[in-house]
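For reference, the structures are reproduced in the following blocks.
Two complexes are shown next, each including chain A; its partner changes from chain B in the first to chain C in the second.
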Partner chain A sequence: MSSLIVRAATRLMVALLLMFSIYMLLRGHNEPGGGFIGGLIGASGFVLYAMAHGSAEARTALRIDPLDIAMSGLGIALFAGVASLFDGDAFFTGQWMFLGATETEKGLPLSTVLIFDVGVYLVVLGSILAMVLALEEEV
Partner chain B sequence: MADTGPQVPRLFGGPSGWISVAVPLVLFIWFLQFIPAIAAGETLRWSIEWVPSLDVAISFWLDGLSLTFALLITGIGALVTLYSAQYLGTQPQYPRFILFLMAFMIGMLGLVLADNLLALFVFWEVTTISSYLLIGYLADEAKSRRSALQALLVTGTGGLAFLAGIVLIGFAAGSFELSEIRDVELRDHPWIVAISILFLAGAFTKSAQFPFHFWLPNAMAAPTPVSAYLHSATMVKAGIYLMARMNPTLGGTDLWFWSLTIAGGFTAVFASILAMRQSDIKQVLAYTTLMALGTLTLFIGAGTSAAIKGAMLFLIVHSLYKAALFLMIGIVDHRTGSREAEVLSGLSRKMPLTALAAVLAALSMAGIPPLIGFIGKEFLYKAALSMPTAQLWITGTAFAASALMFAVGGIVALRPFFGKLGDTPKAPREGPIAMLVGPLILAGLGLALGVNSDWAETLVRPATAAVYGSPVAVDLYLYKEVNAALILSLVTFATGIVLYLGHRRLRARLASIESWNPIHFDRGWDRFLDGFAAFAKWQAQKLQHGVLRRYIFVIFAFLGVTAAYAMWLRDAWQVQFDFTGVAFRDWAVLIFITAGAFVTATANSRMTAVAALGVVGIGVALIFIMFGAPDVAITQLLVETLVVVLVALAMLKLPYLNPKKIAEIRGWDALVAILVGTTSAIVLLASMAEPLDRRLTDYFELTSWPEAYGRNVVNVILVDFRALDTFGEIAVVMIAALGAFVLLRGTPKGEEK
Partner chain C sequence: MTPQEFFDWSLHASFIMVMVAVALGFIRLIKGPSLADRVVALDLMTVLIVAFCGLYALLSEVQAFLDVAIVLALIGFLATVAFARFIERKIIRAQDTKLAQSLMDEPPAEEPKP
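Let's look at the complex of A and B:
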């Protein structure tokens, strides 16, 4: 798998896949996409990288241990759920904020729902990478 | 522990020591204040919600019976903790020991105070588990671990039966509150036999009634303060408490009467004979405890007001003298290094206070006036002689047990302390004051209550009323007139003296009888456990074979068969096939998927199978796209891609397929596959035939944008409407990843199978 062509192409592909994964994550609320799909795409980017360059390099590129990523994702998702309690709403009620909203413009919507989706993204990304990298190193 | 040289004893064994003394002492004083109210016939109740949805409350109830127990538990508890601070205070495991002892005490207190049967059961189990930890205190000794496990298994099994009984009685009486169950007439209920048997299974195992008696003497592995606490106030009395508590509800039936009197009477005599057989004084005391439990069971079963009165008095009497004696033998063991009746002799010169406590307690045990033990025995005799049925059996067993108890009193208190000074491993000297306080107070109380028997009445009267179900006149006295009971007492003393004088020959004779006795409960227990373990191993190997393929086979076969059976039961096989409106591209995708599935099933190499399975996955993704579910389609495609990568990685480690083996199993696999496939297709078609309930779909489509600000309904459902579900799912993903990670990394290289 470590042909020069694959390795060179991978560098470009990984960057594209990661960008695309974040794009999918952010558009998810209105168009097809979301944290789950984004996480899968991001994970396949790193899986590709690991296959071309070896898992050790993939881990270096990732910087953080995949299990840590997954766990912090779970924590972030939980935080998004708990956040609504501060406003007196039920657990996991979405809290919204529209930055720069005017009479006519809706502004930039930010919400705990997005935070939750980021958590989902990280859990999926981290979990898959933890399994794939461990499997690859085991073989 | 080996170092018994000069040590500076911390005050009461450090903080854990004095806290452990203070807690029961404060509780004891707190409970004392209720005596006037309870003696006046009142009961107190206190309740908080616990599991409101199941109608379970933590409710406590204080009547004569629970107050008597609470005072014994806390009072003896305070003396025992003071004693253990000195006895064990210098050992490194002491704080742990105190923790177990406190847990035990609180469990016991909760048990006797609980009004809700389910709460009572929880406390019951707390005492079971904490006594397991206490008996196994010397965890590095195999013997002590075995005894602890035996006690746990015997009492725990009984506890399970008890729980089943609680559930039954809760449904039969419509309440789990003891105070309410008392008012329900259950004796004619069809479940009464089952309830009685289950409750008695719990009580008999806990209170070591024959044939579950064998664990109690083994529990002697526990250090002395624990023995005292286990045997006098609490643990083993939990079963007695249960029988006493349930007497107004379950008592009065033939089943109840005969099982209690027969088991109790037999246990009492059997245990006193075994007590004569022992030479280790701690063991002797353990068997006399069995005798006391048997006597209590016997008289609770007898059930007349006189019998209950006698039993309640004997309960207090026994707690006082037995705790004193156990603590006493602990001091002797501590100071002389021996507990053997044949070794110890003439200690009263070196240990006068210990001897005083021993003699007072033993006099009470032997039932000699003016101690409370005498009154206790008199009232038992009086109750036995006035029994309308089974008079001979109850009087006979009570007499035999009392006569043997008299002799045992001599073995325990006369032999070690009088006569020529014996040759002990350590030079005997008087015990420390913190250890002497307990036995002296307890033994002294035996004398004080005997002389001032009115004091005992204040507790015995409400306790008897609680157990009998209605108030009973209680008038305790040492002597009023010469009657049959008094004459029987005198005969008891005479027999007891003869037995004591001949106890050495008797012991030798009993030992020879024991050597040819074919029934050994203790060894039988070991054989039972071995057999049980062998059975468990056999069935685990059959069911948990560790072959993944077979697990999957069983799961799918089960799924297919049950689904098919359910369809057959409801006669839902008639399915309408309707191919109108199926477009060309639908047929194309269908053929695409079917071909992929066929190749997967018939492939002879893993690579082919995985690639063909990928074809199936892509076909399914196409279906999602055709029916307007792009999110699901994207997910499906991505998962397919990653699965190929994972399998390709795993493939490098897997062995080649063996064509011969495949041929053998493929037929069965095909059968299950066709079964599951057909059934799920029919289930799907059948559910499609029903009109689709669009209420949820409509709701999500309508509210997604105005309320959740999202146009992608699927995603809005995932992250907003059903966010909690999603959170659960990602937690599962995470756990699966952790599991896989551990499996892959857990086995160091070279050790894998």
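Let's look at the complex of A and C:
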């Protein structure tokens, strides 16, 4: 389906969907959102691209094989779990770091929870895209 | 009528109107003679639910409902494109099977006798 309207609209929508997926990923700890929903939104952006331009183009736009993305996400999530080992805590205990924290200011809170969420994001993005692109190419 | 009263009144009136529109769209979804009618009805209902989320965000003053509305509006476009593709493929397939059927039904051309 190579209609001009779909291709022109897709150019805007894909950028919007990918930006929104990153936004959903980063706000996930304290508000609704997180790695899973972010990954789904990002995957639907690439699915839209595959529908408008064909799945071969979508694979080129991804640059990396979707299954490789999923596997690296699994590795990142595992690393987030193992990271608590260095402090002698139990497996998957959240480790926090407050960048630029002073006596009164909290600073920028960074944690292994976010790293785990990034891992979940990549796993969802990769596996959904692997399934959808395989289905697209079969027909 | 104070501004707050007017706001509440119009909020509830718009809830009623959106719900009536969803019900009408649902009737079209059930009755719709062709698949294209059903797809358009489904798209209409998606847009109405986006409006409902916006209204509910105003009523409950929870910002998260606006994010729901954004995601639904983005995914609704994807759903409509996917349905359009499905219809297109269905037509192509029907033509293909019709062609195959007509080829099968046709008696094989007789070879010219020398």
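Throughout what follows, the second predicted complex is superposed on the first by the 138 of 139 C-alpha atoms of A that agree within 3 Å, B and C clash if a C-alpha of one lies under 4 Å from a C-alpha of the other, contacts with A are read in each partner's own complex, and residues count from 1 in each chain.
In the analysis below, a contact is a pair of C-beta atoms (placed from the backbone, for glycine too) under 8 Å apart; a residue touches a chain by one contact, two chains touch by 3 or more.
Keep in mind that this is a model prediction, so the values were computed, not measured.
Asker: So, on chain A, is it clash or fit between chain B and chain C?
Answerer: Because the two structures are overlaid on the shared chain, the partners are seen to fit without clashing.
Asker: Please determine whether it is chain B or chain C that touches the greater number of chain A residues.
Answerer: B
Asker: Could you look at A:Phe92 and tell me whether it touches chain B, chain C, both or neither (first, second, both, neither)?
Answerer: first
Asker: Would you check which partner chain A:Val47 touches, where first means chain B only, second means chain C only, and both and neither mean what they say?
Answerer: The answer is both, since A:Val47 touches chain B and chain C.
Asker: Should A:Glu31 be classified as contacting the first partner (chain B), the second (chain C), both, or neither?
Answerer: both
Asker: Which value in Å is the smallest Cα separation between chain B and chain C when the structures are fitted on chain A?
Answerer: Across the overlay, chain B reaches chain C at a minimum of 5 Å between C-alpha atoms.
Asker: Residues on chain A in contact with chain B in one complex and with chain C in the other?
Answerer: Common interface on chain A, chain B vs chain C: 31-33, 37, 41, 44, 47, 51, 139.
Asker: In their shared complex, at which residues does chain A touch chain B?
Answerer: So the residues of chain A touching chain B come out as 28-37, 40-41, 43-44, 47, 51, 67, 70-71, 73-74, 77-78, 80-81, 91-92, 94, 96, 109, 111, 113, 116-117, 119-120, 123-124, 126-128, 130-132, 134-136, 138-139.
Asker: In their complex, what parts of chain C are in touch with chain A?
Answerer: Spelled out, the residues of chain C in touch with chain A are 64, 67, 70-71, 74-75, 77-78, 81-82, 84-85, 88-89.
Asker: Which bits of chain B are touching chain A when the two form their complex?
Answerer: Against chain A, chain B makes touches at 630-631, 634-635, 638-639, 641-642, 645-646, 649-650, 652-653, 708-712, 714-716, 718-720, 723-724, 726-727, 730-731, 733-734, 736-738, 740-741, 744-745.
Asker: Could you pull out which chain A residues touch chain C in their complex?
Answerer: Listed in rising order, the residues of chain A that touch chain C are 1, 6, 9, 13, 16-17, 20, 24, 31-33, 37, 41, 44, 47-48, 51-52, 139.
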